[in-house]
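Two complexes, one shared chain (chain A), two partners (chain B, chain C).
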Partner chain A sequence: MREITEDLLDDMARGAGILGTGGGGDPYVGKLLAREAIRRHGPVPLYSIDEVPADATVVPISTMGAPTVMLEKLPAGTEELAVLRALEAVIGRPATHIVPIEIGGMNSLIPIAAAAQAGLPLVDGDAMGRAFPEAQMVLPTLMGVRNTPMALADDKGNTLVVDAVSNHWAEKIARAACVRMGCQLSSADTVLRGSQLRDGLVPATLTLAEDLGRAVRLARAAHSSPVGAALAVLDGTELFAGKVVDVERRTTGGFARGTARLESSHGALELSFQNEHLLASRGGRTVATTPDLICVLDTESGEPVTTEALRYGLRVTVIGAPCDPRWRTPEGLELAGPRYFGYDCDYEPLAGRPS
Partner chain B sequence: MREITEDLLDDMARGAGILGTGGGGDPYVGKLLAREAIRRHGPVPLYSIDEVPADATVVPISTMGAPTVMLEKLPAGTEELAVLRALEAVIGRPATHIVPIEIGGMNSLIPIAAAAQAGLPLVDGDAMGRAFPEAQMVLPTLMGVRNTPMALADDKGNTLVVDAVSNHWAEKIARAACVRMGCQLSSADTVLRGSQLRDGLVPATLTLAEDLGRAVRLARAAHSSPVGAALAVLDGTELFAGKVVDVERRTTGGFARGTARLESSHGALELSFQNEHLLASRGGRTVATTPDLICVLDTESGEPVTTEALRYGLRVTVIGAPCDPRWRTPEGLELAGPRYFGYDCDYEPLAGRPS
Partner chain C sequence: MKAGVDVGPTNTDAALLDDDGRVLATVKVPSRPDMPVANVRSALEKLKATDLTQVAVGLRGSATSVTRRRELRRVAVLRISGDSARAVRPLFGWPADLRDAVNAGAVIVDGGGGLERDDWTPLDRAAVSRFAAAMAGTAEAYAVVGLFSPLDAEQEQEAAELIRAEVGDMPIALSADLGSLGLLERENATILDAALSGFAQTVADGLGTLCPGAAVFVTRGDGTLMSLEHMSRHPGLSLGSGPASVLRGAGALTGLEDAVVADVGARRVRVGVLSGGFPEEAVGGARIGGVPVGFRIPGLIKVDRPVDDAELAEAVDRLQPGADRLPLVTVGGGAQAVQQGIHPEHGLAAGAIGAAVSPVGGFYERIVRLPDRAAVAAAMDAVMEEARAVAVLAGADPRQTVIIHADETQLDYLPGPFVKLRARAAGPPSRW
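Coming up: the complex of A and B.
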């Protein structure tokens, strides 16, 4: 056990922004919420998966919606406790721990705020090892764990509880409500017992985010390459470095979808995203796909660039990093591989591919 | 107390179809479901409002959606008990009585099926005295009674429970989920205590539906005017008799919206509907508007013609009938008057208007 204190949040937010592969929401907003909650309620105990009792009730808390909307429509700050209480009422027992559903931007920091507000400890890990756009895209789905009951709340005080026949249906229903309720909801779903954490989570990803964020910051301070530091921590591959020359983006169906085109003297790279970067290609040839991580960093500062922040003229470096091996199984690829998202290509693991 | 037996369903369905002002869903489907449930579980006790104890827990059960969809996509027959149980779990006490939320087509007969399945008695009344398209358009809203918690269930086994900050928000959220879940959901909402029934319900409307349906049937058998019989029971006004010459209809936003044009040698009438008929006009002059009842009957048989069944060539008579007086108050008109639906006209009470 260690404690998440205010001084760790900058690094965590930076690292989570990178691991979020462009999605998960603006880490800056999440950092403000987490900082405010820690200032008010004190540091948050962070437990490794091994330290959590088998009978613990571990509740993931996250924000669902389109990051393009979250940029302008800030959470009220009351939604996290509202969904937690709504979920507890349905499952009939109190949460003992909070955990991020994904490691990615805002959604890695919102659970810190929620844990502080609820006076609960946090678990060091998440259910994706990156960020994915849809609620069923979590390792617990691969275990047969249901993501319902799913409690949702908006900034106005509306709440709903979904109980669905499949994790995909829960996503569909929640997304429809989300769009109608302002394209930003807090969610508490995919409750895990402590005994399920090893299979249901990627371990120690909050610590990874912190390490990654720190490495980037220290490299910058030492005038060495922040991108190089990120690559070293992630065991990643540089896919492209260049300038953003075109962004096509629309907020539709509860997601921020679009493409971005990068150019350099060495050619061009196209990125396709649905909240998160899902496909990187050069001249029609795929160079990286979901579920591997495709992360966009500001080339000079190493700061993460979320999909909603992509804009003409930004000089960025795109890096790829291997996903958790469970995503590379046939079941994992069916859930979050390129064909699920409608891309007509097979997944090829990133490692071992010529960069 | 009396009993609803199978032999009453034909008349009730016919009368409810007329009172539903074109909406509420196809009464034939509702009749089949009610008949099946009565055959399996026995007759349903029907209590007048005065017979219900003050501490009773009275639960309205209905189907939400677009009648155009309900025509083709039949309920599974399991949704009513699913929403009842989901609602009971949230409110923490069992229902003691079932009641229709509206008197209108399928939604007057579904509660009979639900009561039979649940082994509960039914209350003779409804929360509108007609059918309206949106969930907040009930007399309990005028009393300040919340329509949430609202339990919803689809034919696949998905359920959700909405808890909203206003009755309008509950409608918005439920409608969005409804569209995504196939445009047809069962709903249990707007729970009333027995002591609230006098203000929250229009009394004895199931009996009115039965009387109306019987009068039409008997008139037909006696070769007198079925429409005349309906007018007598409803204290109604004949607005127009003619042939349907044009129907423009679209299923959008979870509703069946559109217009129909009727012609005769005496001129033309235009009907505008959103599930229910909301406005009747002749040459741009309004002749009847919501919240008064605008009912379309087959001229020869007196059978109700729902908005989704309107089609070229049908010979119909349009009749108007006064709504419950509570809808004519400023608060009632704000909730369900013509301006709420976007029509640029004031409400003029139907009675006393030249026909």
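Coming up: the complex of A and C.
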């Protein structure tokens, strides 16, 4: 056990931004929420998965909706407790631990605020090992664990508990409710027992985010390469370094789809993105795909470049980092592989790595 | 004839242009510290211009006041958002000394809106009046920030009237005028506007009497101009205006719409990009002590003097969209110390010339949910109309104000067509 104190949040947020693979929302807001909650309620105990008792009730808390809207409509700060209490009422037992559902973007830091407010410890891990856009894209789905009951709450105090026939249906219902309830909701779902954490979580990812953020900060201070520092922490592969020479965005069937072309004296790379960066190819050959992590970093600063911020002229480095091996199974790829996102290609393990 | 003036830390430059934008004369006078109006007067006197119809001035006073925590008014902050957004209080995250210099008190009252009509809740008028009365005698200015106010400014205006009813005539900055979504950034910017209102009013009064018969404008960080009246309400918009004017001036002097520009000053070189005739903006906008304030400012790379050629070349290359794709223009008081780049005539006064030739600008953005793609055009028309209205409010000639940029972004993580529509408008300064 260790404690998350205010001074760790900057590094965690920086690392979470990189692990967001272009999406997940700006961790800045999550950082402010976590900082305010820690100032009010004190530091948050952080337990490794091994330290959590088998009969623990571990609740992932997250927000869903449009990060752009959240920048205007910040949370009231009461939603996290509201969803937690609504969920506890349905499952009939109190939560003992909080955990992030994803390690990437603002949802990495919101659970810190939730845990501080609830007076509960946090588990060092998450259910994706990265960021994904939909509620069923979690390792517990692969275990057959249901993401319902799912409690949702808005800033006005409205709550809703979803009980669905499948994890996909819960996502569809929650997304529709989200739009009607102001485009930004808090969610408590996918309850895990302590004994399920090994199969349901990727371990130590909050620590990974912190290590990543710290490595980038220290590299910058030492005038060495922040991208190199990120590569080392992520055990990643540099896929390409160059400049963005073209960005195209279009909407197909209600989904925002985009491609970006990067060029350098060593050739070109094409990046395909939706909410996150999902596919990288060179000369028609796929070099990285979801569910592996494709992180686009500003070459100079090591800051993550989001899909929304991609624009002509940016000088970036594209990194591939291996996803959790459970995503590489046929079931994992069906849930979050390139074909699920509408790309007509199969998963390719990162070059030079065992599949 | 029109004049542009650029008040720098060391020198004040002025340029005289005819109505077609030809440079007739440039002058330089030493700047006296903290006397912006006197510096403009000296420069204009040396220019010996008569029959001026327009004067545009670039000032760095706003930035200086903030950096030195001086001449700042104490601000009462009224946020209209009800329970929404309560998780992060006003002024949270500000550097302690700046917050202490500025903060008179803050409150969150019921009211504010959302994307849809039925998301709006009524303004708690009594709470506004109570807060205004409690702040009387302590606050020297008020900042009013409503949730989703760029979509409907009515509650902010209502609150301003209530404040005036309690405390009389007081500077009140409203966030809706800034036109962009993102509550914390807009709130921080509005607080800054209120804090700078004393300095801004003094400068506006001084400049207003300087050239009887001429319409006087000041430059903004996005490369456009605003009226003195607009500046006195939103002085924060002038942050970053010095480099923005230099970029615009470099474009005007070379006829280039797209270029990398090196502005060689006494102590350092600032390298930026002119894109489509306007400065390429810093990602994330202006920050003060780490606090995002959202004002659009040019993205710059700074290189210390004496200039190391390799270091400068690297900075230029980093800003290039592709290897050697854009020409380099070298301007500024120290331009002769740098060999590289095109050195246009009058480049020493690029900042003053940029001020003189720039239009008045306005920006507006809105998030809309549309039934289908076909509805984008009508929604964009409305957004462009708002951008034009903002430009006219800032002092543009309504008959000649046009849209210079419009774009749409599909919002992530929401089904259906939710789009953010943005438009920028610009027009020549109104003559009255």
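We take it that the second predicted complex is superposed on the first by the 313 of 355 C-alpha atoms of A that agree within 3 Å, B and C clash if a C-alpha of one lies under 4 Å from a C-alpha of the other, contacts with A are read in each partner's own complex, and residues count from 1 in each chain.
The rule is simple: a contact is a pair of C-beta atoms (placed from the backbone, for glycine too) under 8 Å apart; a residue touches a chain by one contact, two chains touch by 3 or more.
All values reported here derive from a predicted model rather than from experimental measurement.
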Touched partner set for A:A54, first chain B, second chain C, both or neither: neither
Should A:N275 be classified as contacting the first partner (chain B), the second (chain C), both, or neither?
second
With both complexes superposed on chain A, which partner does A:A76 reach: first (chain B), second (chain C), both or neither? second
Of chain B and chain C, the partner touching more residues of chain A is C
Going by the contact rule set out at the top, does A:V179 touch chain B (first), chain C (second), both, or neither? both
Q) Is A:A164 in contact with chain B, with chain C, with both, or with neither (first, second, both, neither)? A) first
Ask   = Looking at the overlay, what does A:K156 touch: chain B (first), chain C (second), both, or neither?
value = both
Between chain B (first) and chain C (second), which, if any, makes contact with A:V245: first, second, both or neither? second
Chain A residues where the chain B and chain C footprints coincide 156-157, 175-176, 179
As the complex stands, chain C meets chain A at residues 83-89, 92-93, 114-116, 119, 147-148, 181-185, 273, 280, 283, 292, 318-323, 367, 369, 373, 409-418, 420
Counting only contacts in the complex, chain B reaches chain A at residues 86, 156-165, 169, 172-173, 175-177, 179-181
Listed in rising order, chain A residues that touch chain C in their complex are 23, 25, 28-29, 32-33, 35-37, 64-69, 71-78, 113, 133, 155-157, 175-176, 178-179, 182-183, 243, 245, 249, 251, 254, 256, 263, 265, 275, 300, 307-309, 312-313, 315
